[in-house]
Each structure stands twice: as C-alpha cells, then as structure tokens.
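Take this structure first; my questions come after.
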Amino acid sequence: MKEDINPPVRNIEEEYHINIGPQHPSTHGVLRLVASLKGETVTSLKPHCGYIHRGIEKMCEKDTYPQVIHLTDRMDYLSAHINNHVVCLLVEKALEVDVPERVQYIRTIMDELTRIASHQLWWGCFGMDMGGQTCLLYGMRDREKILDAFEESCGSRLLHSYYTPGGLMKDIHPNFQKKVKDFIKYFRKKIHDYDCILTGNVIMQERTKGVGILTKEEAIDYGVTGPTGRASGFSCDVRKRYPYGVYDRVGFKEILGTKGDTFERYMMRMLEMRESMNIIEQLIDNIPAGDYTAKMKAVLKLPAGEYYQRVESARGELGVYVVSDGNKSPYRMKFRSPNFSNLSALDHICRGFKIADLIAISGSLDFVIPDIDR
Amino acid sequence: MDFSIYDLTSFDQGIDKCLYENLTPFWATVVEMTLIGLIFLIFYALVALFLIYAERKVCAFMQNRVGPNRVGPYGIFQLIADFIKLMLKEIIPIKNADKFLFNLAPFIVVIASFMAMAAIPFAKGLHAIDFDIGILYVVAVSSMGVIGVLLAGWSSNNKYSLIGAMRSGAMIVSYELSVGLSLLTVVILAGTMQFSAIVEGQANGWFIFKGHLPAVIAFIIYLIAGTAEANRGPFDLAEAESELTAGYHTEYSGIKFALFYMCEYMNMFIVASIAATVFLGGWMPLHISGWEGFNHVMDFIPPFLWYLGKTFALVWVIMWFKWTFPRLRIDQVLTLEWKYLLPINLVNILIMAFIVLMGWHF
Amino acid sequence: MKSFFKYFTGIFYGVKSLLSGLSVTGKYFFSPGAIVTQQYPENRKKLEMFDRFKGEVVMPHDEKNHHRCTGCGICGNSCPNGSIEIIQDKIDTPDGKKERIIGKHIYHLSMCTFCGLCIKSCPSNALAWGQEFEHAVFDRSKLTKILNKPGSSISKDIAE
C-alpha cells in the first residue's frame, strides 16, 4: 500500500536508484525509467526518453502530404490506422475535400478495429506485467483475427498505410464484412475468458485497486487523455467532443471512471473494447455504396496557414499541427502524441508505491514507446 | 495386503549383505554411498530435464501453442540442445562481485534440494534414509535453499538481484510455518513422523480421505505454501521477470544458471512428492475398501509408478497455477500467509487433533 | 462479527475467482483443437498469402515478355524513401524519332517501407504487389532488384 514518502526531509542517503529500461521486459520498448527507491518503495521516478527517436517530424518536412502517411504508421504502430486518419483528416479539412460517405464508414470501422486490436495487445502485455504470462498469448491469439481482416483488405498487418488524403488505397475486400462479423461473434465469447482469467482475479484486483491514483484535476493538468484520462473522470473522448468520421451518427457511450486508479484504467479499456464492438456492429452492415476515394489533385498543396486536427487514438488524443507555406510539403509538422503526456504523469502517480506497483501502473498507462519519441 | 511382488526391501538387504560380506565395513559403506549418490544424481538430472520439457509443453497447451517441436519428435531433444548450450556458454565474471559466495550460491541450492530428496520414499524399500523424524528433516533441509538464494542475490552486486533475494528471504521464512504446520496436521493423524510409516498408514485409504475436511484444507495449504517455497509463480517474486528481469539469478550465466534453473524444477518436484507421500498415499496404490477385485488390479501397478503418477499430477497442478495467476505483490504474499494461511492452519490442527482424539477418522 | 463475516466471504470470493481463472487455462489445456500455431516451414506449400498482401513491388510481365512501364519516373518521384531508381534509355522508332523507354527499373527492397505510393501513382499501372515474403538473404545487394526483365519490352497498348 501507499507509503508516505514525503516527510519534511527526505533522506536521500537512504535512497538508491535502479534503471528500469532501456532494456527491460516490462517497458515494452526502449523507455528508460530511473527509479529512486527506498527499500522497495519508489520515491521518485525520472523517465528518459529518446532512445527510439527517429526524427519523424523533421522527415515530414521534406515529404509530400501523401508521403507523410507512411511515417505516421510508425509512430504508434499499434494504432496505425488512426494515425493515418489524423493526417488525412487534416489535409482534407485544409483542402476542403468532400470525402465520400463510404470512405468515412470504412475508416470508422477500421479505426475501431484498430482500437480493439490495440487493447487486446495491451491486455496481454498488462497481464504479463502482472506476472500472468498466459494473458499475452490469449491477447495475441484474438488480435490475429483482426490482423487477418486487415491483411486481406489493406495488404499488411501492422503498418497499413491504407488511408490516403481523400480516401483509401483500395476498396475493402469483399470478405471484409463477413470477417469482421465473425470476429465480433468470436470475440464476444473470448472477452469472457479475459474477465475470468484477469479482471475477476483476486490477486489482480488486490494489486491494482487503489494503486496509482490520478485525480481528475491532475489528469487535466498533465494533459492525460484517452482511457487513462477517462478513468479519472476526465471526459476527453475526441470521438464525442469533436466528432470525425461517422462517430456523430453512431450511438456509443463515453466510458468514464471515477477513481482513477490502476484497476479503473484497466476497466476502461475492457469496456471500450465492448463499446467498439457495438460501434462496428452498427456500421458494418450499413456501409453505403460509392467511391473509395474522392477526386484529388495529383500534387496536394495546402494553402498557407496553420492547421490542427485531432482524433482519438487507442491511447488518447492524437493531434497533428501543421504550418503550411503553400508548398507541397509542410513547413512544420508537430504531433501531439498521447503517450508523451501520459508518461509525464507517471512520476507523480507512482510515488510511494512499490516496484511491483510501478510496473502495474506503467502497464496500465499503455505506453507505445515509438510514439513517445517519434 | 500383499505387496510382496514389488517389495524391494529384500533386494536392498541382499545387496547390503553381499557388500558387507565381501568388504570391510568401511569400504562397504563407501561403496553403498557412492552407488546411492550416483543413482540420485542420474535421477535428479533426468527428472529435472523431464520437468523442464513438461513445463514448456504444459504452458504451451494452456496458451494454445504447441511448445518445443523442432528438435526431435515432439521436441523431446530440445532440452538436450539447451543443456549443451548452457554447458558451453561463457560464464561471465561479474565485476565487484563477491567471487566466493557468488560461486558457492548455486551449489547450496542444489545441495539443499538433494538432501531433501534423500528422505522421500519412492517405493517400498526404495528410499535412501528412513529417519523416524523424516518430516522434520525434510522441512528443515528444504528451507536451506533460501540461503543459496540470499547469497546469490547479495553477492552478485546487482540491485535487481538483491531485491529479489530479500523478497525471497521474507517469503520463505513466513511460508516455512505453513508448510510445517500443514504437515503437522497429518502427523497428528498418522501418529508418526517417519515417511515409511506414514505411507504404510495409508494402506487402507489416503490421508486426504481419512482425515475428513481438515486433511483437505491442510493439503490445499501445503500446496500453496509449497509453491511459495519452491519460488514458483504466482509466488515467483524472487525472479519476477517483469519487475526484476530475472531476480536473484540475473547475473548468472552458463552452467551456474543451469543449476538454479534445474533447482527450481527439482524443488517443485520435491514439494509435489512430499504432498503425494503425505496426503495421497505415496507409492501406495488406490484402494477402496470393499472392492476386492478393484484393489487387486491396483496392486499390480508397481508402487514406483503410483508414486510418479501422483507426483506428476501434483506437479501439473503447480504448473497450472503458474500459468494462470498473476504474480502477488510482496505485501500480499505476507498478508496471505499471516492473515489467512497461518490462522486457518492453526484452527485446522486443533480440529484435526480433536477428530483424532474422538477417533472419528477412518 | 461483521469483520469476521467479511473475512470468510473474502476467502470465498477469492477462491471462486481463482477457480474461474483456472477453468479457462484448464479448458484450453484439454482442447488441443484450440491450438493456433502455424507450423511455418512445413505449411509452406499450403501457405497462401492474400492477393493484396504487400510482399514486394513487382512489375508484371505478360507471356510475350511485355511490361507496361514507359519509364516516366513518376514512381521514383513519389517514393518517400528513394527506393526506386529509373534509368532511362532511348531507342529509335521505325519512323525515325527517338523514343524514351525504360532501361532499368531498379527497386531497392531494403529501403522500401511498403507504402504503396509507387503503385498508386504509376500512370500506366505497370507496378503491382508481389506476394513473396521470404526476403531473407545473406547479402544486402541481393535486395536490389531490377524489375523489368531482360529482353522485355513495353506492351503495344501502352506504347500507343
């Protein structure tokens, strides 16, 4: 349980530091956390990022807008479709293109599938962080079904580059709808297994309830968004507040928590998977006929000015800010990645908890390191 | 009952007599000890290899995988390959490590598990030593392994190792109580601490059936505490892969790592075989009073197979725990012991004593 | 009394939750049909990739060894990574004019990020996705491929 680690004078001499990462089984990438410990209790934590910085924002400055898409895939590779979406939306907004209805439906479905796939993998990794290695394999197994559906339509499983400004690379595969419906039928059964093996488990509940509490005010202060922010009661779902795609036409609940502890963050994602399935079920049979891409010019030049567009990625609010000088490539492109803001709250919420809790907390924040560093 | 067909006592005594007739008593003892040592060494290695293989297959099936299947049919030679790899691997010297303790630690762990194995009766007349305080001996010896773990953690000069070792120390000290007390429940029922006598006492029914509910509770507590003693998931805090990379053996490589690795499995095997011996009748076949034909058929299965069958069934249960549950946190581990297992255990012993006093057991 | 009651209900629900977890893994242990692992090198014969699978960029040739590439270089320009190099060639047409054709369409598989822009942007649909995925080689230079086959020429309907 939480220990008070802020007595008036913190005895620095008694503390020691350990490096968690950059090579560590539970940082899921090359994040380095330097934890100061007193016994097993974390007194402070310094995240060091940048180990996988690839300069994506700088690279975007030399690329044309369609070329930028394939770089965004590689930021948060678990929600590649959603990353593609944000750039496409921005270009379409700036050029005032009317995107066909069909495209918007397909994009929304793809986004939600991505969200489920991402949460499945997160569930597996979280289970593994907690020490239940079997979870990882179950998460991976079920995710495979979505990836198969993606592969058939988009050609690849992880980095799709499927959206283009104005539409899609290709129309969906004729089998796509059937596959998705099969998946939903399958997964509604399997998610019950998830609950049996982890959600209801007394060990897991004891380990996560009341651990790593982030209040609503703090969530807003740190800019924590996504399921993590919503667990604290911060209503920040971009899909509800600034609808894009066809989110304004489907009925879905914004899942909100109250306590903001690790268990609540966990539950947010479990419920979101169910909600995403509801969204997909509403759309999958109603995809209107039409073109899979709007007529676009061969070279896209955004009018000079500044643009901002946001979407709800699997981890929170993903924003892209573009300064254009009227050329075919952006003058400056900046991504507001949800993981970076979420990471900033980690130090605050893990103080006073044990190392085991730190792992659980950072697992519940669901980091994708390349998205932090870009 | 007639176990004469599989009784090895006369065989043992024959060898014993033969040696003493032909050699001086000193050399006869030496030869006997060497023989037993060799047999145990081979048995130890074989069981450890088999268990590692079994664990990989069991966890694979639980996770919808097939497990090792490349080296040899069904991957049975995978372990040999792994073993050769570990043997040939460079042993990395650790800077500023306490060399002597660092090298000593794996051997302490191995020796502890070796000594514990000596007391286990594998079949009638097939055990190395038959103390009349067998249970006390096993409890005492098996808890020695933690010294090796502590030394490994301390001497590696690594903070991960140290944290892992400290956790392990705290955990084993507490769970030792539950192991001892749950075995004591059976000792009350059996009226003896001698393993052979305990097994003989189960000829007409295993203690888990004879002792009513208290025996079942003691069995469950023993399994939980034994899992903790063997440092296995969900009590693998000392290793805690996702927290401490590999815990107390982070810095070990090559053959020394292999020793730790083997020990983990042997400890599990010892825990399971003690549970099988004490609660499930050891090498004693399953007998149901009244079913003469059934009992007779059961007698034809060699006792050694009965013993192995029961032990591996329990090993499977322990593996099942590991591959299902998330790991406990250190304070949860201690809460579980001091707030749940220990009080329940104490009450359980009282009830058992009462039952035995009233003669309500079978 | 109340805390006493809570103690036992706690144990009861705890054990129940553990058992429900055990039932899941136990169920899968005894249902080998649920195994999802693919036996990769063995199933190679049967393994079929989806026809949209992005394995590599290829230039389809018809049975007369005709491709559709005019050597315009648009694909190279639209590639974000410079994975495509176009070496143009000039030939004399029968009516005495010089015409630009493709000399070498060089594709660096090692630099390709499979974004598909080259295929999308090609005005004469000369490129397509190939389903080959076993790209591991011992020498990096083997990943540089020349897509137009030797001796091939542009098919008639494009040339017009």
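As written, the chain order gives the labels A, B and C, with residue 1 at the start of each chain.
One rule holds for everything that comes next: a residue touches a chain if its C-beta (ideal position, glycine included) is under 8 Å from a C-beta of that chain, and two chains touch if they have at least 3 such contacts.
Keep in mind it's a predicted model, so treat the numbers as computed, not measured.
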Contact-richer chain pair [B-C vs A-B]: A-B
Chain whose Cα centroid lies nearest the overall Cα centroid: A
CA centroid of chain A to CA centroid of chain C, Å: 25
CA centroid of chain B to CA centroid of chain C, Å: 51
Whole-Å gap between the CA centroids of chain A and chain B: 45
Touching two or more other chains - residue numbers and ranges from chain C: 18, 21, 24-25, 36
Multi-chain contact sites of chain A, meaning residues that touch two or more partners: 134, 141, 197-198, 201, 203
For chain B, residues that touch 2 or more chains besides their own: 62-65, 323-325
Contact set on chain B toward chain A in their complex: 59, 62-65, 159-160, 163, 167, 233-234, 236-237, 240-245, 323-332
Contacting residues of chain B [partner chain C, same complex]: 58, 61-66, 69, 320-321, 323-325, 340
Sites on chain A touched by chain B in the complex: 1, 16, 18, 24-26, 40, 127-134, 137-138, 141, 197-198, 201, 203-204, 206-207, 354-357, 359
Contacting residues of chain C [partner chain B, same complex]: 11, 18, 21-22, 24-26, 28-29, 32, 34-37, 39
Chain A-facing residues of chain C, complex: 13-14, 17-18, 20-21, 23-25, 36, 50, 52-54, 78, 80, 113-117, 120, 129
